[in-house]
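Labels run A, B, C, D, E and F following the written order; every chain starts at residue 1.
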Amino acid sequence: MGKLQQEFNEYRSKMNEVILSKNNLVMKRLWNLDTNTYDDGALPKKTKEMLGLVASMVLRCDDCIKYHVEKCHELGVTTEELYEIFAVANIVGGTIVIPHTRRAAEYWEEVIVKEEGEEQGGIQERG
Amino acid sequence: MGKLQQEFNEYRSKMNEVILSKNNLVMKRLWNLDTNTYDDGALPKKTKEMLGLVASMVLRCDDCIKYHVEKCHELGVTTEELYEIFAVANIVGGTIVIPHTRRAAEYWEEVIVKEEGEEQGGIQERG
Amino acid sequence: MGKLQQEFNEYRSKMNEVILSKNNLVMKRLWNLDTNTYDDGALPKKTKEMLGLVASMVLRCDDCIKYHVEKCHELGVTTEELYEIFAVANIVGGTIVIPHTRRAAEYWEEVIVKEEGEEQGGIQERG
Amino acid sequence: MGKLQQEFNEYRSKMNEVILSKNNLVMKRLWNLDTNTYDDGALPKKTKEMLGLVASMVLRCDDCIKYHVEKCHELGVTTEELYEIFAVANIVGGTIVIPHTRRAAEYWEEVIVKEEGEEQGGIQERG
Amino acid sequence: MGKLQQEFNEYRSKMNEVILSKNNLVMKRLWNLDTNTYDDGALPKKTKEMLGLVASMVLRCDDCIKYHVEKCHELGVTTEELYEIFAVANIVGGTIVIPHTRRAAEYWEEVIVKEEGEEQGGIQERG
Amino acid sequence: MGKLQQEFNEYRSKMNEVILSKNNLVMKRLWNLDTNTYDDGALPKKTKEMLGLVASMVLRCDDCIKYHVEKCHELGVTTEELYEIFAVANIVGGTIVIPHTRRAAEYWEEVIVKEEGEEQGGIQERG
């Protein structure tokens, strides 16, 4: 796993644990619901993760973008498809989305490199 | 065509004409680019219109929502699929998206009814 | 009930019914969760409705504002308190909040007048 | 004065009066400060009104847009200049700014027509 | 004082000094007004800081969140109350508020630890 | 060139190269269009960069702010003028703009120092 990914995932895990330890019921339920939202349904989860990504981009939430970029990769979104999602986000949301696109592109490069490394190395951990 | 649709489309056409008549090159090019963005590519245009819809919903732009709802319908998005897009938008963007979801749902009902009426009647104009 | 209130509540009821009739589970659960969020807890629901109002104001969601203004009134928020919430919203969110403050103020005047009328008349329906 | 302008200005005056009558000191001071912000300084007020307009457009506040469109007209902004402000707003803020640009363009047409009418008629009231 | 707090407060002080040294009257007055907004009034300042926090969360301003989290702690907001504010912010603003909630939770943990350390040690500096 | 500027410009160049290498036509055209938007026209480019800056500030995009701050400096905007742009942004967008104003002010100080250093040293590279 690349450096950006590791930092992001470790921080997220650590703080999610802190938040959940406080037992606020609304927070817990919202997080469960969040998981349900991206399950296969009338739309496949790949499409839903793409929807989650474009929504995160126009709302300019870097951490949300990282999360969905990772999921998109896991579900087989290609680089060409990813950049078409970027294009929709930049057209709808304007040039203020560009800095977030840069960081999304950086994260994607890391996710792809990881993939190639791990495919060569063998085992591949996901999720 | 239903009342909401007619009003929306007439106003849009009228004002687009006014704007384009001023010959601002940036505005013209942006609008062309906007059209290109939703063309078939690595992703089919149906997927792109769904991306445009969810982006418009989280950014809470009613007119943009109407536009993409109409396009989604034209491209065969079903009611069940549409509501899964609504679900992603509401989870990502929160309960402030609900009022826009109401108006999107209202517009969808009109688009569907039109469809049924026109299918019975015969000719069907789109785009 | 005043005209603005009646229109808002009728439209909301009608469209909520349409949305719920589609049986999208995520939407249903989010709405339940939304209700739970404002229940009495460590903070009393009056405080929570004030939090909901200020959040709706800085996010500039007129329908959300109407909803929370009505709830605030039901829970005993005074005009002076309301305007201090308005002040926080306008300072945090800037002068773009002013047009929404105008509509919030208009709605509040109607809610208050209703109250007085109904107190004279007797019965008072809420919720 | 055209219909849109009249409605906007009457509603604004009426509700501003209601809000100010509640004597919330923060609201009053913010409004004074808002007026000071657009006074001549290192930058002339024409430039400041253009800044106010583009800020209102990317934040998608229709009433704020109307206000600054009117001020821009009073201070001599031309149609060509106005559309260059529109262009910046649409590029920075994306296609979600388009519906607001339509309404801004509609308002501008009314303001211009008024101008011409009044120039023929003679007296011209501003501010 | 914890590391996050120290960094945040030092940077804020340093840059506020730079900004104020330029003598822009509007900036100065806005900052005074900002202070007035959270004074005791019809609503106690504890409530107002909670309003400021939820507004900052839905607008996703990390520095604003830190500021109000610190103030909330000074004014006696408990962990349970804080998480109910978090819940309102996450429901109203959606899952894009989660990353900011993580950082708010991290900051809170630091503020609480400081408190305990200082209570044991004796002196306690605030504000 | 100061440290903030160097880091910002290097990262931007590196990632723009990555993004453009993917040959997404919409992204490429949007970036060209972005450049055109700020060319001299009915409004001089100095005014347009000021419009771009205030728009970036109210939308709270730090990287966009850095970009336009640099451009404003190149085009002769003075410190006093800059702070009047800051004032408009803070009044329109509220106190959530303050943290971004701090970072903008920090960047400006670096840009100015650079300028002075380079004026003494002689050659000056721009753009």
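Couple of notes before you dig in:
FYI, contacts are C-beta pairs under 8 Å (C-beta built on N, C-alpha and C of every residue); 3 or more make two chains touch, one makes a residue touch a chain.
Just so it is clear, the structure is predicted and the values come from calculations on it, not from any experiment.
Shared contact partners of chain B and chain E comprise A, C, D, F. Separation of chain B from chain F in touch steps, taking the shortest path, is 1.
Averaging Cα atoms per chain gives one point for each, and the point farthest from that of chain E is the centre of B.
For the two copies, chain D and chain F, the CA superposition rotation is 180 degrees, given to the nearest 5.
As for how the two copies chain A and chain E face one another, under half of their interface residue numbers coincide. By residue number, more than half of the contact pairs of A-F reappear in one of the listed pairs B-F, A-E or B-E, namely A-E. Of the two chain pairs considered here, D-E and E-F, the higher C-beta contact count falls to E-F.
Rounded to whole angstrom units, the spacing between the C-alpha centres of chain B and chain D is 29. The mean-CA centres of chain A and chain C are about 34 angstrom from one another, to the nearest whole unit. Computed centre separation for the pair chain C/chain F is 40 angstrom, with centres defined by C-alpha atoms.
Within chain A, the positions touching two or more other chains are listed as 26, 30, 33-34, 37, 56, 58-59, 64, 80, 83-84, 87, 90-93, 95-96. The touch graph of the protein chains shown is complete. Every residue of chain F that touches chain D in the complex is listed here, in rising order: 33-34, 37-38, 41-43, 47-48, 50-52, 54-59, 64, 78, 80-81, 83-85, 87-89, 91-93.
Remark: chain D residues 25-26, 29-30, 33, 36-37 touch chain E in the complex. Residues 11-12, 15-16, 18-19, 22, 24, 26-27, 30-31, 34, 56, 59, 61-64 of chain D touch chain C in their complex. Within the complex formed with chain D, the residues of chain A that make contact are 58, 90-97. Those residues of chain B that touch chain C in the complex are listed here as 60, 79-80, 83-84, 86-87, 90-91, 95-96, 98-99, 101-103, 105-106, 109.
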